[in-house]
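Two complexes, one shared chain (subunit A), two partners (subunit B, subunit C).
Coming up: the complex of A and B.
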């Protein structure tokens, strides 16, 4: 039985990171690395504390909102899209190349155009996040549904199951582990998407704050925001794991 | 009974409609050309001191990522009025039918400058021969560099040009990865504090001292907004002009206001920025033509520099078609602040 409690092995990554901190700190002092190249952890901590919590929470919330909403939008688009591609070979052949083209277009390069297309406000940021996250979701869901054993499909057909039932009761459950793998990739990408969008147009958010800090050469402050972003990614990743554990425990590998 | 209730309701509705329309302020979206800072203080001052409110305006600020970004947003109507570089405007106008016009000058001198450490041996623009020069990829300064080099007899292939992210330029200078950095005078304070970190002094060489004289940052409006709502645009400019004067009369207070509205902007840095760029706003040009004015001859000179730097035929654009002078409040060349600064 898979357990979701904190065992030593699960704490190991955090412990490794904690052990790195004193090494990092000492290295900065011994080699006299200037703070604009690599600030010491203590300096980053100080920069973190110098910014009022209300500012952090404003930026944090702005990024989190875009990341989560963009991710959910992407989920709502990609699963039906995957279903369509599984059901129709013709559509799969027409849509798939388009998806690959969209995926291989660097979103960073077209982000300024998206801002102009979608106007001010949150919609361009959501669109950018959505574009960055949806490909792994579509691919994982399609692969999952296609990997359903053929005999099960045959059986359902011989029992007269409708195409909707075939998707809902057989193909989708088979795809769940794949979908969650895709979701784990997509959720970390959603933070990257939100940050990319904030670099191009935003008045708040952690990505905006990193850009703001570097433009004022406040490198320790930028590092503090970057660490915040990493923690946020980790937490969101864990949240996806938790959802899988709570609602689709059967899909976890034993 | 019913009629009296209905009458009261009717009267209440009429009063509330009348008062709400009287209270409703005209909404204006102001476009910054970069992130907030001391150099953008006037717009924050005008909001905080109620200069806009007094003109019955409600102003929302939208942050930008460079002059081109700002121009695009203004042209698309995402913002009504805002900052951009005159050279970017003229370049865009020469190449497309972009529906925006300059209405007021803000920095009537170019803020481009060389930043170098005191021990680099660079004391004037012509000293950059044989040096490594770092600049950010998208700054309008890059366009004028070849002209500046020509003016100062620096051969093209005598320098090594490095393009980097704007945030990396300061660290590159102090770590010795470059000898000279190209940036704007508005960033002097930030570079100085970087140099202080390693106990060195910064040398700033403004390009206007090396012969490059023209308008830089101007207020630009979306043509639809300017033509359809000239009254709002006029009121905006009255309030904005007042805010410019307030900012440089009370720099301390202006810096505090920027910090109050955008807490990420450090009060001290904002104050130092406001003080250090006074000469871009109040100078001999301001004394001669008035605050905010866009003078015909100086505009023509600005266009000739832009045309030369971009390789355009001089006749490709009549720079006057990029300007709308009908909205600026009467220029005042006798203001005490203008005169005091010009005397400096």
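Coming up: the complex of A and C.
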């Protein structure tokens, strides 16, 4: 079972990263790698400190907002969609191919079109994040609900319960472990979605800041923003884990 | 005395996934009387499960009529409780919540009276101390006892059991048989018990119905006149082994016992149980 207390083995990944830093620093120094190719950690740190915190927080908040809102919207769309597909074989057969088509179209390529469709502002960014995250959510929710033991469905039917109760009391809770697996994939994708959207059209956000910094050749600053993005992504992933641990602890069994 | 359950000329044909019509049951006739324990014995995949689903109203018979208290069964009944092959407890609910689940599922809410009766059921199956445990903390046998408690909660007149002990190890299985007899003595019910174990059928039942391989029909009905309460000593008696021998002979030579059985549909029990899965 999952525990949130810290042990040495859980600290290992962070220690590995810490050990890599001096190697990176010395390598850059010894081989005289120019900082537009690979800046040293100290330079990145310097660049990070040179940007005022208020500026960071504006960009951070813009990206975080789009990622989380997009993810939540996607969740609100995909769970009902999964319920519909579980309830009706006909709709499953008609909707599923569409979902696969949408999923196999590169979102990066659709992004500029979405900007044209939705105009500037936050809505196209939310749409892009939604598009990139909903597939794993729909698939995991559908798979979870379909994997409900037949006996439980028969128990529900033998009690004369309505289909809505069957979904709400049995199938959806059964799908919770699956949905969380999907959410762990989707939450990291949501950062990707937000950044892709910012690349195409935005005046703020960490993705925008990476692009802005590289165009002004401020590579260490771009690296600092990149680092921020990784940490953000990691924290969101951990947040999903935490929600599962706090509210659905039973689903961590096995 | 009017029978509780009546199968008259019941047949069931369903369409398999590849579009073929499969005849699972045909010409089934039998009655179950009040508080009688009937075991249905047959090779795997012979249509025993279909029989159970017809009685519980999950399927409607394509031929003939299944009736409970003289009323034709066309939809799930509130007077039947089902125990499944696997306990299938809800992993997100504790044992007490699992037992009370049928009421919660049906009515949407649970009264303190329901909780009390759920506790009484847990006591009956000997699991009162485990009310607050989660299902995965219980052994297979204990989980199945929760399944029995859940089926008994709404005090159904008829208890339908679908090979409830077949997923358990041999030792637990025997123990559960005695446990069930004990429960049944305290809470008499009309029971339809499906099994593919001859000794289990003889130990538990008042009458054993032996089914042929698919399409299943009743090829023999044996009244088990062993004294009750039955216990571990019942198994050791010579009558017990006479009954099991009698049934075994019926299963291995069905063509000598029935008139309407085609001879090409009678592979041995061993072949059947190895080659096919449950319908």
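One rule holds in what follows: the second predicted complex is superposed on the first by the 251 of 254 C-alpha atoms of A that agree within 3 Å, B and C clash if a C-alpha of one lies under 4 Å from a C-alpha of the other, contacts with A are read in each partner's own complex, and residues count from 1 in each chain.
In this section, a contact is a pair of C-beta atoms (placed from the backbone, for glycine too) under 8 Å apart; a residue touches a chain by one contact, two chains touch by 3 or more.
In this text, all values refer to a predicted model and were calculated from it rather than measured experimentally.
Considered on the superposed subunit A, subunit B and subunit C are sterically compatible, since they fit side by side.
An angle of 150 degrees, to the nearest 10, separates subunit B from subunit C at the C-alpha centre of subunit A in the overlay.
In the superposed model, A:104 makes contact with neither subunit B nor subunit C. After overlaying the two complexes on the shared chain, residue contacts for A:154 are found with subunit C alone; subunit B is out of touch.
In the superposed model, A:9 makes contact with neither subunit B nor subunit C. Taking every C-alpha of subunit B against every C-alpha of subunit C after the fit on chain A, the minimum distance is 51 Å. Interface residues of subunit A facing subunit C in the complex, by the touch rule stated above, are 149, 151-152, 154-161, 165, 169-170, 173, 176, 248, 250-251, 253-254. Per the touch definition, subunit B reaches subunit A in the complex via residues 29, 34-35, 37, 61-63, 65, 69, 72-73, 76, 78-79, 165-168, 170-171, 174-175, 190-191, 193-194, 197-198, 263-264, 266, 269. Interface of subunit A with subunit B (complex): residues 34-37, 52, 55, 112, 116, 119-120, 199-203, 209, 211-212, 214-217, 219, 222. Listing the residues of subunit C that touch subunit A in their complex gives 53, 56-58, 75-78, 80, 82, 84-86, 88, 90-92, 101-102, 104-106, 108, 134, 136.
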